[in-house]
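Each of the next two complexes has chain A plus one other chain: chain B in the first, chain C in the second.
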Partner chain A sequence: MDALIVIFITGLIGLFVGMMKKPVLSLSISVLGLISAFILMLYYKSYESPFGNYNGLNFTPSGNIFALLVIGLTLLIVLSGFNYFKKDIEHTADYYGLILFSLCGALILIGFTNFFMFFLGLEIMSIPVYVLVGIRKQNTLSSEASIKYFFTGSFATGILLFGIALVYGASGTFDLNEISNSVSIWKEAPAMFHVGVLFILAAFLFKVGAVPFHFWSPDVYQGSTDAVMSYMATVVKIAALYSFVTLFGSVLGASGNIYTGILEIVIIASFFLGYVSALKQSNFKRLLAYSGISNTGFALLSVFTGDFGSLWIFLLGYTASTIALMTVSQAIEKIDSEDIKNWKGIGYKNPFIGVVVLISFLSLAGIPPLTGFFGKFLLLSGNYQNHLTLVILALISSVIGAFLYLRFVINVFAKESHAEKICIGPLHITVLIISTFVSIFGWTIILF
Partner chain B sequence: MSPSVNNIGSSLDFFVIVAIALFVIGSYGVLTRKNMIVLLMCIELMLNSVNLLLVTFSKYYGTSDAQIFVFFIIVVAAAEATVGLSILIMAYRSNKSIDIELFNKLKD
Partner chain C sequence: MILLVLPFVFALAAFLIPEKLVKYFGLVAALSSLAVALGHLAYFNPEHLVYIFNPNKAFPMGLSFKMGYDGLSLTMVLLVNSIVSIILLANYRKELAENKLFTSLVFFMQAGLLGVFLAQDGMLFYTFWEITLIPIFLILYWFGKQDNNSVLLKFFIYTLLGSLGMLLSFIFLGTSVQSFAYNDLISSGLFIPAKIACWISCGFLLAFAIKIPLFPFHTWQPSTYTTAPMAGTMLLSALMLKMALFGMIKWMIPLTFTGIQDIKWLIITLGSIGIVYGAVIAIKQKDIKTLFAYASISHVGLIAAGIILFTQLSLESAIIQIINHSIVAVGLFFAADIIESRTGKRNIYELGGIAKLAPRFGFWFAAMTFVSVSVPFTAGFIGEFLLIKELFVAHWFVGIIASTTLVLGAVYMLRAYQLSMFGAPKMTQFEDLKWNEILVFALLTVSAIVIGISPQCIMNFVKPSIEHINELMVGGLNFIK
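This part shows the complex of A and B:
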């Protein structure tokens, strides 16, 4: 909670400081705020509400580690995006302010205990991102992406609210504990409740970008800048997935298994559609977006077990790789990193970039000693008793994924004589080292 | 034990049906209309149908928390409309049109 307040105030201060048009100052204020929020989150875990026993926000131990992950990722994104942001000197502070406000929403979405806070968190997280996507005002693609994201996002909000209203109509309360109490009292939940849960499910699939409702994500990712794209692919996705598992893993899931069959179909479709569509992409961001859809399918496996630990490890591996790849993409921006053809031979001429890309893609593919492997392993081993078919299909889709990633890595290491030698800025090197370190050693956190 | 939906009297049926009808009209509009301002209005209609539904249930249960939720929804809808209209103006400047069909440059 203190972390939330610190981040919000940092965002406000950052907006005012932005009037001085000093990018380095904006960066240092945001970094300072994020680091202090990280430390506060680490040490002040419990929070006493000043409003008596009304606890709209409560960070459970599992919520706490997700909040730490989200804050840390934002720190990396802010650092890696600086080289781009500082060129746009009029709007540097806007970038930082909007990212920090959106992070507030993500934190609320991790700590919510009732539908009030859940809805507010979701909106506080989404609305700044609508703006961030369209922040390159002169760019046609950027405004188109912004339009698409805004309309799909607010349509999803409407559906979500309708679902919340129906759940309220059936149970008479917004509080998650009371809802799960009344679910356990009912012999058979009323039809209105089930319809509400299905509406909420649909809205969630929109937000996390799982198949039937995935169509916006490649378009929106392509139209936004690299830093904003990595923010959407990591922080927004983590917060949405965490609240998904909170809601469906325990509270609404207790109502029966009406939604389980739907979720299974969604997950299987996400596995295959994501990787198979990614095979034919020539745009780097679209490739990452489609592989992100498949990874969302993997993360949704944790809904069946309600286990946050394995979800955390999996998301750690996925996000570390995504951040590393997007940072590389920003570092080699001048050779037009969006087109996959231009990546050819980069790793051959620049061994450091090559190694980072190699480790990130191996971790995404789930090759044993890396974090991505342990995430997938824990998710699948939690599910293999009850959902064996899902596990087998997940393994088959992983093979397609591994083919996709290794093909890219081979392309990066190709002997290409006219590939350029590129020098990377210190901020990018820091981010790359941290995220590669997490990709390699992140799984050791299981041992503690 | 909280009352279940089956007990809702006939007087409430009317409001629930109106709210559902409004929601369906709104979502149908979002899916079929081309003009982006009409799309914004349809989304607003969806949110307002939710408001009506929440107030109805709030009256039925005799609690006020859903009515407070309605104020939150109104505030958020205002914020969303603000952001949406400014995105729309930006898109209009780059494309000289607000027809959503013309925004089709991003695709596979």
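This part shows the complex of A and C:
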């Protein structure tokens, strides 16, 4: 809770300081705020609400580690985006402010205990992102992405509200505990409840970008800047997935198995549609967007088990790789890193970048002993008993994924090319080292 | 533990060595890791299982991180360390030997291979199994022929697909007992109904059949061998496919013993098809490297068919044959590379008369050829003879099919030797062997002959560990009954 307040105030201060047009100052304030929020979150051990009877927001132990993850990721994103943000001197502070506000929403989504706070969190998280996507007003792609994201996102919000209203109508409460109490009392859930849950499900699938609600993500990713894209692909996705598993893993999922069937189809479609569409992409961001759809499919497997530990490890691997790749993309942006043809030979001329790209992609492909492998392994072994078909299909799809990633790595390491030596800034190097370290050794956290 | 960590350290240290000294460093490092392995051998009692890393602590997900060796594993460890030394020695005069990255990757590969052979934990085995893919992939990619991207992708995806099958099997076995430790996996495997165990062993088989490679899964092999650099081919054929044969002996059969009877004849059939198919195709090959690649398919088919019988004698002779195949693979691909690098040709019809120009090469290549066709007093003779005998006991028809390898092997090897080495010289000069090349051939030939004369030393060495595996299973089966 303290962390939330600190981040919000940091965002406000950052906006005011922005008037001085000193990028380094804005960055240091945000970094300071994020680090102190991280520390506060680390020592947040009471798991009790400071507001007495009001308990709309409460971080459980598993919520706590997810909150730490999103704060840490935002820190990395802010650091890696600095070089770009400072070029846009008019809006430098806006970037930091909006990202921090959105992070507040993400934290609420991780700590909510009733539908009211949930909706609030979702909106606080999404609205700054709509702005961030469209912040490059001169760029047509950016404007298109922003409008598209805003309209589809608002539509999803509408559907979500409708769903919440129906669930409220059926159960008579917004509180998650009370809802799950009523679910356990009912012999058969009323139709209104089922319809409400289906609406909520649809809105969620939109937010996490799973098939068939995935069409926005490649366009929006392509239209936004690298830092904003990595924010959307990591923090927003984590928060949405966490609340998804909270809701469907325990509360709503217990009410029947019609969602299981729907989710199974969604997951299978995500596995294959994501990777197969990614095979034909020539734009780096679109490629990552499509591979992100498949990874979402993997993450959704945890809904069946309701196990946050495996989801956390999986997301750790996925986000570390995404951040590393997007940082590389920013570091080499002067050669137009969006077109994957321009990545040819980068790794051969710049061994450091090459190793980072190699490890990130191998981790995404799930090659042991990298973090990505252990995430997938935990998710699959959790679902082994009840969803064997899904597990086998997941393995088959990850072969397609490995092909996709390996082909890219081969391109990056090509010997004969016109690639040149690229000088990487110290901030980028820091981010790359941290995220690569996490990709290699992040899984050891399960041993403790 | 130092046994496993040392190659990792060498892999990192290779970057710190000045470029001129890298090739000396490579040799010295490989020999010192061999010396460490020999040190382990000196204190080793074949009756015991020695743990080199044994944390007595329960880890989440049933991971146990146990590593150790019995006679079987130590044989493979010694094989890896000595073959890596020989590969670096063979590579000594090439440009690659002065490349830091290459030397580092070879040691990385060695560490991965040692991990595979030392693992006493299913997940660890799988992890090291996959780790070996990364250095070999990079070696093939950076130092292989240009324009081999599609070949490489085929190799990588093929092997990855196979190992995912193995992962599925491991997840099933491991989650059912909540432990991945070898002993726990064996005892849990015995309780699995035969039908499910059959499916699990199919998962393992997918991984191993692709790596070995067994007959219908071999299509990645010839193209990969021919586009790889010499050291890459040697690592692949002499060491990497031994992981699969070792995996069959140590993991696949004991873990899924109740189901293995159902697929036993499938593997024997595929192996026998491979024996004849590989040999027949090898007879018609012009390209000398492709010829040796198909010869390799023919040889390993026999080993795989022998292993699946799972009798005491067949396993012991399979170990002999595994060692022999490593010797033969290194020797033959070395000879092929010498021919290719000095004449620029691999087509045996364009070669000829080399024996006149380079008599020393002629002699040693002939020695390797004889080792390969398994004349008596070489390791191959013992191994093939015993394997064929065991197959004959299992079924007379399979024995007859398998014994064609002796004849067909002689046909394709002698044809390759005759066309390339004899006749009128088709080139003006052919530089004769240097000291390191003679040393490589001599070491290989001598060790083949030593094993051929006294195979007992290896058979007795691995006997207790094979008996131990049998005890674990038979004891468990009796316990169930």
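What to note about this one:
Everything that follows uses one rule, which is that the second predicted complex is superposed on the first by the 442 of 448 C-alpha atoms of A that agree within 3 Å, B and C clash if a C-alpha of one lies under 4 Å from a C-alpha of the other, contacts with A are read in each partner's own complex, and residues count from 1 in each chain.
Assume a residue touches a chain if its C-beta (ideal position, glycine included) is under 8 Å from a C-beta of that chain, and two chains touch if they have at least 3 such contacts.
Everything quoted here is computed from the prediction, not taken from an experiment.
Legend: residue contacts after superposition of the two complexes on their common chain; A:286 is shown touching chain B, with no touch to chain C.
When the two complexes are overlaid on their common chain A, residue A:391 makes contact with chain C while staying clear of chain B.
In the superposition on chain A, A:28 makes contact with neither chain B nor chain C. By the touch criterion defined above, A:219 lies against chain B but remains apart from chain C after alignment on the C-alpha atoms of chain A. Using the contact criterion defined above for the overlaid structures, shared-chain residue A:381 touches chain C, although it does not reach chain B. By the touch criterion defined above, A:177 lies against neither chain B nor chain C after alignment on the C-alpha atoms of chain A.
In the superposition on chain A, A:444 makes contact with neither chain B nor chain C.
The partner that reaches more residues of chain A, of the two candidates chain B and chain C, is B.
Judged by the touch definition given at the top, the superposed model places A:362 against chain C, while chain B stays out of reach. Once the two complexes are laid over each other on the shared chain, residue contacts for A:410 go to chain C alone; chain B is not touched. Chain A contributes residues 362, 367-369, 373, 377-378, 380-381, 384-385, 391-392, 395-396, 398-399, 402-403, 406-407, 410, 413, 415-416, 446-447 to its touches with chain C in the complex. Of all the residues in chain C, the ones that touch chain A in their complex are 59-61, 63, 126-127, 130-131, 133-134, 141-142, 146, 149, 152-153, 156-157, 160-161, 164-165, 167-168, 171-172, 174-175. Considering their complex, residues 115-116, 119-120, 123, 127, 130-131, 134, 137-141, 143-148, 150-151, 154-155, 157-159, 161-162, 164-166, 168-174, 182, 185-186, 190-193, 218-219, 222-223, 277, 280-281, 286 of chain A touch chain B.
Those residues of chain B whose C-beta lies close enough to touch chain A in the complex are 1-6, 16, 19, 23, 26-27, 30, 36, 39, 43, 46-47, 49-50, 53-54, 56-57, 60-61, 63, 65-66, 68-69, 72-73, 76, 79-80, 83-84, 86-88, 90-91, 93-95, 100, 103, 105-108.
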